[in-house]
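Take this structure first; my questions come after.
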Amino acid sequence: MPLLTEDAKGVYVIAVTPFLDNGEIDWTSVDRMVDFYEEKGVTGLTILGLLGEAPKMTSEESRAIAKRVMARAKVPVIVGVTAPGLAAMRELADSVMDMGAAGVMVAPPWTTKTDDQAHAFYVSVGEALAQTPFVLQDYPLTTNVTIAPKVIDRIVRDVPNCVMLKHEDWPGLGKISALRASSDKGETRRISILCGNGGLFLPEEMGRGADGAMTGFCYPEMMVGVVENYGKGDVERAHDLFDAYLPLARYEQQQGIGLAARKYVLAKRGVIASPALRKPGAALSPKDIADVERLLARQAKRLAEIEA
Amino acid sequence: MPLLTEDAKGVYVIAVTPFLDNGEIDWTSVDRMVDFYEEKGVTGLTILGLLGEAPKMTSEESRAIAKRVMARAKVPVIVGVTAPGLAAMRELADSVMDMGAAGVMVAPPWTTKTDDQAHAFYVSVGEALAQTPFVLQDYPLTTNVTIAPKVIDRIVRDVPNCVMLKHEDWPGLGKISALRASSDKGETRRISILCGNGGLFLPEEMGRGADGAMTGFCYPEMMVGVVENYGKGDVERAHDLFDAYLPLARYEQQQGIGLAARKYVLAKRGVIASPALRKPGAALSPKDIADVERLLARQAKRLAEIEA
Amino acid sequence: MPLLTEDAKGVYVIAVTPFLDNGEIDWTSVDRMVDFYEEKGVTGLTILGLLGEAPKMTSEESRAIAKRVMARAKVPVIVGVTAPGLAAMRELADSVMDMGAAGVMVAPPWTTKTDDQAHAFYVSVGEALAQTPFVLQDYPLTTNVTIAPKVIDRIVRDVPNCVMLKHEDWPGLGKISALRASSDKGETRRISILCGNGGLFLPEEMGRGADGAMTGFCYPEMMVGVVENYGKGDVERAHDLFDAYLPLARYEQQQGIGLAARKYVLAKRGVIASPALRKPGAALSPKDIADVERLLARQAKRLAEIEA
Amino acid sequence: MPLLTEDAKGVYVIAVTPFLDNGEIDWTSVDRMVDFYEEKGVTGLTILGLLGEAPKMTSEESRAIAKRVMARAKVPVIVGVTAPGLAAMRELADSVMDMGAAGVMVAPPWTTKTDDQAHAFYVSVGEALAQTPFVLQDYPLTTNVTIAPKVIDRIVRDVPNCVMLKHEDWPGLGKISALRASSDKGETRRISILCGNGGLFLPEEMGRGADGAMTGFCYPEMMVGVVENYGKGDVERAHDLFDAYLPLARYEQQQGIGLAARKYVLAKRGVIASPALRKPGAALSPKDIADVERLLARQAKRLAEIEA
């Protein structure tokens, strides 16, 4: 599998992990899910992230999932390898790169407080990972670490295997603009920027120079459509698609219950056999299900209107 | 002015504070803003909150704003009086109640950690405020204090002047359902629940038993329309309205830049003379303005479609 | 009263606020407390900080306390003026400087995340305060804002009225060393560094180049003694004194209960009439009192030994 | 090896992990360290905690360390198994119990906000661990989770394999008193309470009913001595010992640099071959070393005095 580079574009969907109702991994659904994402046009897959319920799995299960996904996927796979120490991170990274991963993703530890600490952390990550390309995961809402654009610029300058930013700062449109201004002026390498936060700002992020999305949503075709239409300059069409899916995308962004909603829809779409989250995990109440069903019905109607 | 009660319904809009370009308070715009909100059908006003830039004003200015708003408004006014200690909180509450406020709003201190601490805090607030009705502001994203539904039930039982919940937990639909289940079973008083978070879940919140909204948005008519249509049972119409405004409402929910967008639109609508935030405050970049203008144009088009 | 300068040395004690048992301010004790601190050799007083229970007072009471202390004190007085916005901060600063304060103290808002934000905040504080000298309060444990030594150096270079650092980072010995290295090399002004954290590292901090202490402890003579002995080169004597008081100083550093212990001892020493904290505030249990009494007895015995 | 029970008393020292200067595990020093702790009279060992640099090791190294320590130790060994999910926690717990551990230790996830959530978490831990006895690690300063005494009482009632509390709340003397009051009245089982926080409050904690200490310090004989003397009623002797070691214990409690100081002294005492921390880790500066050497010299002198 080719390695991840600064030129990556498109949608790297954050994959869910399918479980059976009894909590065991549903291997058949793993395969079907990979096929589904590829059919919907994603450029790559990102696995073993928080929303893939990675922390609930044993390390053996995590490796088994990674192996299965990479055996099945025709598109590049990025694997989350954030760990409390460099040794554990490198151990996991080496293992998944051996299986054929295209690259890995690393978030900063919550103890990172100053500009120099953030820079020093990613310098040591770059050294530890050696030839492995990696994604800088910038997600202040969860990590509680804010990395200013000029610090990202310093990291990009000093760490050649940092090839992608998973942009998930919020609000973050100005951050994309600042990073692109630096590379446009030739002050830094231009790395790939893929956006997270459930895609809730995807059209505006594309407008600022993002290269695509790296996030989850039960209709990956929304993200694919927005990115493609932006790419060919049809901005209004991108917004039309986005707006049609936005009410559901917003509902899916609720913490905890959001992942349950995502799996509910994926199960309803026939992608995974069971909507179950592994324990501990939220389940949809009848009222939640009624909400989702109304949003699905309205979404179908609206999509029909804009297709007409 | 009549006091706030458990029966409050509708939209208590979080008012902005209009400034001139030089940072001084724009008193003419204060009056026009009050009139504007009333013309759009709000039930009440909430002032001196975070999004009214209250922390940037001197205490003298805060009192002057409160006095001016209450002199102009025909609808009830709720005033934020959260303070680091009970003495300062009561001082401000007494002062605004003397001016004619309908009630006050109090958030818990971030040092609140356990169920009993949250309960004890609101018991002491209730005693300190004596006859003044107050709103329990439940906003974990900012206060970092999570108050479980059963703790709110205990507070409602033990603190008679707690008459309203500003519901801003996220995700929070299940919380509304739990609170309404308690009062439906007669285990607690039924208090008013108004919802925040920029109205981004307003239709679903109404569906769980909320009485309306207490939040800001540059088109208060959206919130009024959603609440009214839900009230008369036209759920689909409520969602149609909501969906038309959602792309802009989402944009306005960005921290910092969101308030700048709200004031930009209010200025464009002729409500306030200048979109300026007092320092320190964000300003819209040309790209931000282009985003907002596109959203406004698309919103106007979509509203025309659903009115047709 | 002369203004605070970079040359300040010695002990600026964080003063308590004496209350009567009924919660009212005990004005007689306020005067006696000022006299007591001066008799024990402090160089200055710091008032209206967190441990002076400032947040529990009305703004009128705060001003009255400031006026009373400054009328009585022969030593310089620094006043805490941290506020959520620049306007409120300047309002309070102007008011206390008019009363005769020597300077004011400002902590950064918890929203400060990056190096540039910290620098920008203190640049705007410096401008807002104009001619008023101020203390940069660096207290990450409470503010959750970490300011790297090189950022403090930038602030010192760019903000001439920043004349003192209240050093309360933890651990922070290396920070003092770094700051002194910069000024020794002539890269920055040498400002005054006074240390907090209850004095628990005072001898080592003096060894790194601190100019003294700004903190509270029921035996201010400990801090005065440590600073004086370090000043004249008698390091072992400084440590002897410190060690004798350390068990009690450690006990007083407990959050909440620590301030109750401080007031208990000050009341026992005849400085304040009542050990009461204003509500909400902790009170010592009989077991806590037994702990303090044992520590006092042991401390007296140990002091007698080292004086012998 | 017998399993951990509610009757555990004494000192379960938090063991360091010895590394060579090149960062590899120093197996010879591991053995010598186990012997050293046992010679100094500890009752047990706790391994794979944060201060054992566990997060910096690969999972293979962690298992190898656990195996080596348990092969060598004659005293019971407790192993930290906190993990982001129940499956990973159980996997690690099963593995170390098979090697002969006496029990495991589990801290709550930082997402725990309400009383019911803390209770529910430990109920599910108890079920997942089945027959394995475990220690509830209550460490709000790091986990950001505060568990009220009455919630601990509920957990103790409902989770039979919760046999010990690692008490590390701060301040926490009142918490021990409250827990002992419950079990004295027969309302709950009396579980073992061992105290952390570097032993800085150990004499007072023993006075409230603690059963000993579970923490690290380069002179474990201090903790053993305090616990033993308290046990036989010689409270003043316990305090004499404590006071002699307190200046160094305080220095060792600094985050980051404190562990470097602990290893420096252990290396100087001949227990471990190198004071090196694995990267990323702090190193002592020459000034830090001078501080530690002065404290060691003064400590030796003071110990000689009290032994005389």
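Order of writing sets the labels: A, B, C and D. Residues in every chain begin at 1.
Operating definition for what follows: a contact is a pair of C-beta atoms (placed from the backbone, for glycine too) under 8 Å apart; a residue touches a chain by one contact, two chains touch by 3 or more.
Source: prediction; values computed, not measured.
Trainee: Shortest hop count from chain A to chain C along touching chains?
Mentor: Step count on the best path from chain A to chain C: 1.
Trainee: Of the other chains, whose C-alpha centre is the longest way from the centre of chain C?
Mentor: Centroid comparison gives A as the farthest chain from chain C.
Trainee: Just how far, in Å, is the C-alpha centre of chain D from the one of chain A?
Mentor: One centre to the other, that is 38 Å.
Trainee: Distance between chain A and chain B based on Cα centroids, please, to the nearest Å.
Mentor: 33
Trainee: Could you give the separation in Å between the centres of chain B and chain D, each centre being the mean of its C-alpha atoms?
Mentor: 47
Trainee: Any chance you could list the residues of chain D touching two or more other chains?
Mentor: Correct list: empty.
Trainee: With touch defined as at the start, can you tell me which chain A residues reach chain C in the complex?
Mentor: 113-116, 140, 146-148, 150-151
Trainee: Which chain D residues qualify as touching chain C in the complex?
Mentor: 170-171, 173-174, 177, 200-201, 204, 207-208, 235-236, 239, 242-243, 246-247, 250-251, 254-258, 285, 287-288, 290-291, 294, 298, 302
Trainee: So in the complex, the part of chain A that touches chain D is made up of which residues?
Mentor: Interface residues on the chain A side: 53, 55-61, 83-88, 91, 121, 124, 278-280.
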